[in-house]
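Following this line, the structures themselves.
Paired with chain B in one complex and with chain C in the other, chain A is shared by the two complexes that follow.
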Partner chain A sequence: MARNEAKKRIRSFLSKYLRDKDFEDDRDLFSSGLLNSLFAMELVLFVEEDFGIVVENEDLDLTNFCSLDAISCFIERKKGEPSIVETKDDA
Partner chain B sequence: MNTEIVGVIGAGVIGGGVAQNLAQTGHQVVVVDLTEEILRCAETKIRHNVRLQRMLKKHEEEMDADAVLGRIRFTTEYALLREVDFVIENVVEKWEVKEQVYTRIDSLCPRDCVFASNTSAISITRIASLTNRAPQVIGIHFMNPVPLKNTAEVIRGQHTSLETIERTRALLERMKKKVILVNDSPGFVSNRVLMLTINEAILVVQDKVAGAEDVDLLFKSCFGHAMGPLETADLIGLDTILLTLEALCESWGEEKFGPAPLLREMVAAGLLGQKSGEGFYPY
Partner chain C sequence: MRTELTKKQEEAKKRFKDFVDRHVLPHASRRDLEESTGREAIDRLAKAGYLAPTLPKERGGKGMGILTFGLLCEEMGRGSASMLSLLTVQDMVAQGILKWGSSKQRARWLPSMTEGRVLAGFALTEPNVGSDAKSVQATATLLDESYVLRGEKKWISWAQIADLFLVVVQCAGKPSAFLLERETEGFSTEPVHGLLGFRSAMLAHLRLDDCRIPANDILGRVGFGLSHVGGTALDCGRYSVAWGSVGLAQACLEACIHYSAEREQGGSHLREYQLVQKMIADMFANISAARMLCYRAGYLKEAGRPESVMETCVAKYFASSAAYQAATDAVQIHGAAGCGGDSPVQRYFRDAKIMEIIEGTSQMHQLLIANHAHQVTPS
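Presenting the complex of A and B:
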């Protein structure tokens, strides 16, 4: 499943930086204090490099990068894949 | 006075921040450093920072990275400073280096160009003595991260003219910064007090009185500081802290500002704080 595969890759990237590696897919990484908001740019660069996406100015919104669910939905949207795979809220 | 073209010498953490802040507030900027590699690195950092600011919606300045970078010229050629109205120097905190830079730019830059030294601890009057334009030499102590800080400590040297102070104030106001004007003295106000605190906090950790997190927590919880001294040290860069303490030692003596052995050890080990990925905390 594309979205699950994306989530796996993002989780593996984040695990390198997080002490608490056991977080839920919909957990807000920033407001929960797991990540400092200054880390947001690292996430953007990771998504650009690892998924071959160009994050445009209008995409530079923290809500696109605040949780595993949000990031994977954003990637799908940018790649033109419909977000219909799961029923969970897309944050 | 039109000071729209600003030369920025030194493209490290602070110099890059100054260039970004200037470009975001509509100035044309010439950034000079020694190698193309340093310049490329600064360019990338500025791009990332502008994008990050856009994401965090921190303030109202220009948020398009291409537009911001379009106003900055990165170069290894000092000759491009021939046409600037204002220079902000951010080179390493070593007297020999400052000496070379000021001698060089004094003969290059227009007569009415102001030289602002973004030094952490070296006397502005002493820097001014390297030039033939002492009334136009002033200190601006920017805080890190420059684009996000709304205040700068401005240092009046012995010979700094009122006109230079006003030109500096006008430039900083355009950069959306308030000015706190102080008189010249090694370390000025902020670093003379801050460096003592950071150095002592490092000694506390070295003596195992408390761990870094608890030291910082005490300052945050008890005194309402936004960051503790060791987090601040990591943000500034431990190498810069060491150089600043060494510069302060020259003026105030070892007894007061002698760097903590643990600080020397961490710098030697490459644990420089945020910029190297690890200092008192991992990043």
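Presenting the complex of A and C:
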């Protein structure tokens, strides 16, 4: 899957929680104060259903879920593809 | 989304109804009075394959569909809310282990849970912590290759007899989940009596006095005990309670239909009186609506859709509210006859109030749903 398409889908999912479509890719999701107790479960189901991966015990690490970039990287690792995160130098 | 049951689901619902009519309903009031459920009743549920039945067959479950499990919960809720809670809690803990357990934990516990050899308890609530679940005060401290658990848990269903507890405690300052066996040194329970409802659900308070458990008995990872492990369990619990509430409301409706057709006052049967008709109409409509919400939640859960989490919240909130209203009106229609100890209606009323509190109070659900409404509603 093209990295841009994947990030677009993740952004679309996250934007309804953050009430903002234009947030930074590296914005810390959990410091926004807008995420409620259901978000974790909804995020797990979203990445599993939309990207066909299984979130497992070993994946429980905040660095996998803390930002759009982090979620992108996590999904790519699970799917065995190269990282889709663009560093600022690549932009 | 189809709104009709498949032939297989219809047949399953009939089997569940038959089971409840034969083995649960005749004993529900007595068990409520005695505040106890005998082992033989639990063994019968296990033999029928009703404990954690949605687990995959390779894990010892029946591979039961989520919607079909909902139908089971509805029928069980119709028979006995206390017995429903056994299905609820066993499923909650089993799903938590299935999703977040290590391969060793799954192999060790899941087949035993489906066979009824191991009964589970879900230990989150504490004397000072209810809705504010992230603030649990019980702790787990890492010591050598063990965790030492200390604290109290309160109002834990089936804790008088459960063998295994999924406990959520603070570990390194973060909510974390552990599996704690009843036989652990330092673990004790105190039965709860005189409850408003769910009287035969064998509740107990727990004391964890320096319970030392192997480090591998953590479920998931430190810091994910509430968000993910507890979240998975509570999502399952809400779903089961939503369906069970539909069943409880259905029991109220059936009792009212029967009573209002038999009881005469002023030369007419109660069913002739419009104010009684209004209560029954509202009961019927609300049950239908609650059932549709449960179908939708089940359909989305089976598809693995993220929207299923919120839809399950909506279903639980609406169905438990509908059940309480149905039970209130059922007592009203029955009058004094609905208040007597030998009337099942007064049990429905007491149990329905509990449905509005467990697996997240109605008020907590209102906050979640309002927040969701702001997220998704165009403005």
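Everything below uses one rule, namely that the second predicted complex is superposed on the first by the 78 of 91 C-alpha atoms of A that agree within 3 Å, B and C clash if a C-alpha of one lies under 4 Å from a C-alpha of the other, contacts with A are read in each partner's own complex, and residues count from 1 in each chain.
We take it that a contact is a pair of C-beta atoms (placed from the backbone, for glycine too) under 8 Å apart; a residue touches a chain by one contact, two chains touch by 3 or more.
Since the model is a prediction, treat every value here as computed from it, not as a measurement.
J.: With everything superposed onto chain A, say whether chain B and chain C fit together or clash.
T.: Clash.
J.: Once the structures are superposed on A, label A:K16 by its partner contacts, choosing first (chain B), second (chain C), both or neither.
T.: second
J.: Of the partners chain B and chain C, which touch A:M41 in the superposed model: first, second, both, neither?
T.: It touches chain B and chain C both.
J.: So, A:E5: does it touch chain B (first), chain C (second), both, or neither?
T.: Once the two structures are laid over each other on A, A:E5 reaches no partner at all.
J.: For A:E49, select first, second, both or neither according to whether it touches chain B, chain C, the two together, or no partner.
T.: In the superposed model, A:E49 contacts chain C only, not chain B.
J.: Is it chain B or chain C that touches the larger share of residues in chain A?
T.: More residues of chain A are touched by C.
J.: Regarding the shared-chain residue A:E24, is it in contact with chain B (first), chain C (second), both, or neither?
T.: In the superposition, A:E24 contacts neither chain B nor chain C.
J.: Per the contact definition in the header, classify A:D61: touching chain B only (first), chain C only (second), both, or neither.
T.: both
J.: What residues on chain A does chain C touch that chain B touches too?
T.: On chain A, the overlap between the chain B and chain C contacts is residues 37-38, 40-41, 44-45, 57, 60-62.
J.: Which chain A residues qualify as touching chain B in the complex?
T.: Listed in rising order, the residues are 37-38, 40-41, 44-45, 55, 57, 60-62, 65.
J.: Which residues of chain C touch chain A in the complex?
T.: Interface residues on the chain C side: 100-102, 133-134, 220-221, 223-224, 226-228, 231-232, 235, 303-310, 313, 368, 371, 375-376.
J.: For the complex, which residues does chain A have touching chain C?
T.: So the residues of chain A touching chain C come out as 13, 16-17, 19, 36-38, 40-46, 48-49, 57, 60-62.
J.: Could you pull out which chain B residues touch chain A in their complex?
T.: 48-49, 51-52, 54-56, 63-65
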